[in-house]
Amino acid sequence: MEISARNTLKGKVVKVVPGSINTEVTIEVAPGIELVSVITKSSAERLALAEGKEAYAVLKSTDVLVAVD
Amino acid sequence: MEISARNTLKGKVVKVVPGSINTEVTIEVAPGIELVSVITKSSAERLALAEGKEAYAVLKSTDVLVAVD
Amino acid sequence: MEISARNTLKGKVVKVVPGSINTEVTIEVAPGIELVSVITKSSAERLALAEGKEAYAVLKSTDVLVAVD
Amino acid sequence: MEISARNTLKGKVVKVVPGSINTEVTIEVAPGIELVSVITKSSAERLALAEGKEAYAVLKSTDVLVAVD
Amino acid sequence: MEISARNTLKGKVVKVVPGSINTEVTIEVAPGIELVSVITKSSAERLALAEGKEAYAVLKSTDVLVAVD
Amino acid sequence: MEISARNTLKGKVVKVVPGSINTEVTIEVAPGIELVSVITKSSAERLALAEGKEAYAVLKSTDVLVAVD
């Protein structure tokens, strides 16, 4: 399946923290660059996300804000 | 100003494409890793975004999806 | 690629309206049920979206609001 | 109240799972087509969402991604 | 129609700027407090949004970020 | 840090409700006008959000819906 989201960053899952409805997943997309995602717990289980697994962080471009110093 | 968004990636603006209401901004956050953002044209002008300028891509964790092969 | 988004609705593209930065895509997911999506023009071109093509509408559960009469 | 969101799908609540802050609500919008929504627990209570109740799934078009096989 | 979004701020439309696909709408929700919204052009036309008209800004709580100085 | 989000409303934190992964934060941006935000628990802790603290509600314009009566 190919998706419209402009941003697909390949990485490795480095942390998975399950909550009651949501689960927090941290993906390292480059050395020292981590992205934190909050998805539903059932999605995290369906994708079998676990430390060390390869995964992609997927971001729609309208959800990316820009900041400057 | 410090923001609640979990993900703040420092990088450099490599492309700015203005439209009628929105502008598309591409930020390189690591060698070969680019993030595309669509923000309003007036925000892009207010931040004076231009090629070569340092900038951050800011992402709320609930907006980050996860995919696996 | 399998994605964390809880909602993936298969359908058929029934309309594509390109703008300057964004393109509006309408997908019929069931008889009489259409979903309108706004994605970047370049994503619409990359996926070669056109009338009659099979496609999925993909929705993160936190982006789905609920209303009652 | 009429809302700007382009997508309003009428259906029936088929599952409600309350968590600590958020509640997961599943709405069947056509036979076999379900949409999962995560809203705050207090909103789910305010709307008195419960199995069997008629409800709408409401989606802003910029939040709808498109995928193809 | 009552909606799950936690935040519904009543105000008055003070500016409408149509683009090719999207329209930018500014709503004054309190003296000196304006909210800018980008919705599809067709939604803006369907709601007949125009300067001086009463309108609500509607915000899902997961889309509200928090910042501190 | 200056951010692209068009809407930045200064206010005061009036309630903080921590959950397992997320925390709900209420900010009063004008007398009688409150905005509810759901952010990750760790972000709420990092920003040291607590009742009485000054804070900003930050909203991307594409996340603001419009409604009329």
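Just so it is clear, A, B, C, D, E and F label the chains in written order, and each chain counts residues from 1 on its own.
We take it that a contact is a pair of C-beta atoms (placed from the backbone, for glycine too) under 8 Å apart; a residue touches a chain by one contact, two chains touch by 3 or more.
Model, not experiment: these values are computed from the prediction.
Listing every chain that touches chain B and chain D alike gives A, C, E, F. The interface formed by A-F recurs in A-D: of the pairs listed in B-F, A-D or D-E, only this one shares over half of its residue-numbered contact pairs with it.
In whole angstrom, the spacing between the mean C-alpha positions of chain C and chain D is 17. Chain D and chain F have CA centres that are 23 Å apart.
Residues of chain A in contact with two or more other chains: 1-6, 19-22, 24, 36-40, 43-44, 47, 56, 58, 60-63, 65-69. Pairwise chain contacts present here: A-B, A-C, A-D, A-F, B-C, B-E, B-F, C-D, C-E, D-E, D-F, E-F [touch as defined]. The residues of chain B lying in touch with chain F in their complex are 1-6, 37-40, 42-44, 46-47, 56, 58, 60-62.
Residue ranges on chain D touching chain F, taken from their complex, read 1-5, 19-22, 40, 60, 62.
Those residues of chain C lying in contact with chain E across their complex are 17, 19-24, 36, 38, 62-63, 65-69. By the touch criterion stated above, chain D contacts chain C in their complex at residues 3, 5-9, 24-25, 27, 29-30, 33, 35-39, 43-44, 47-49, 53-69.
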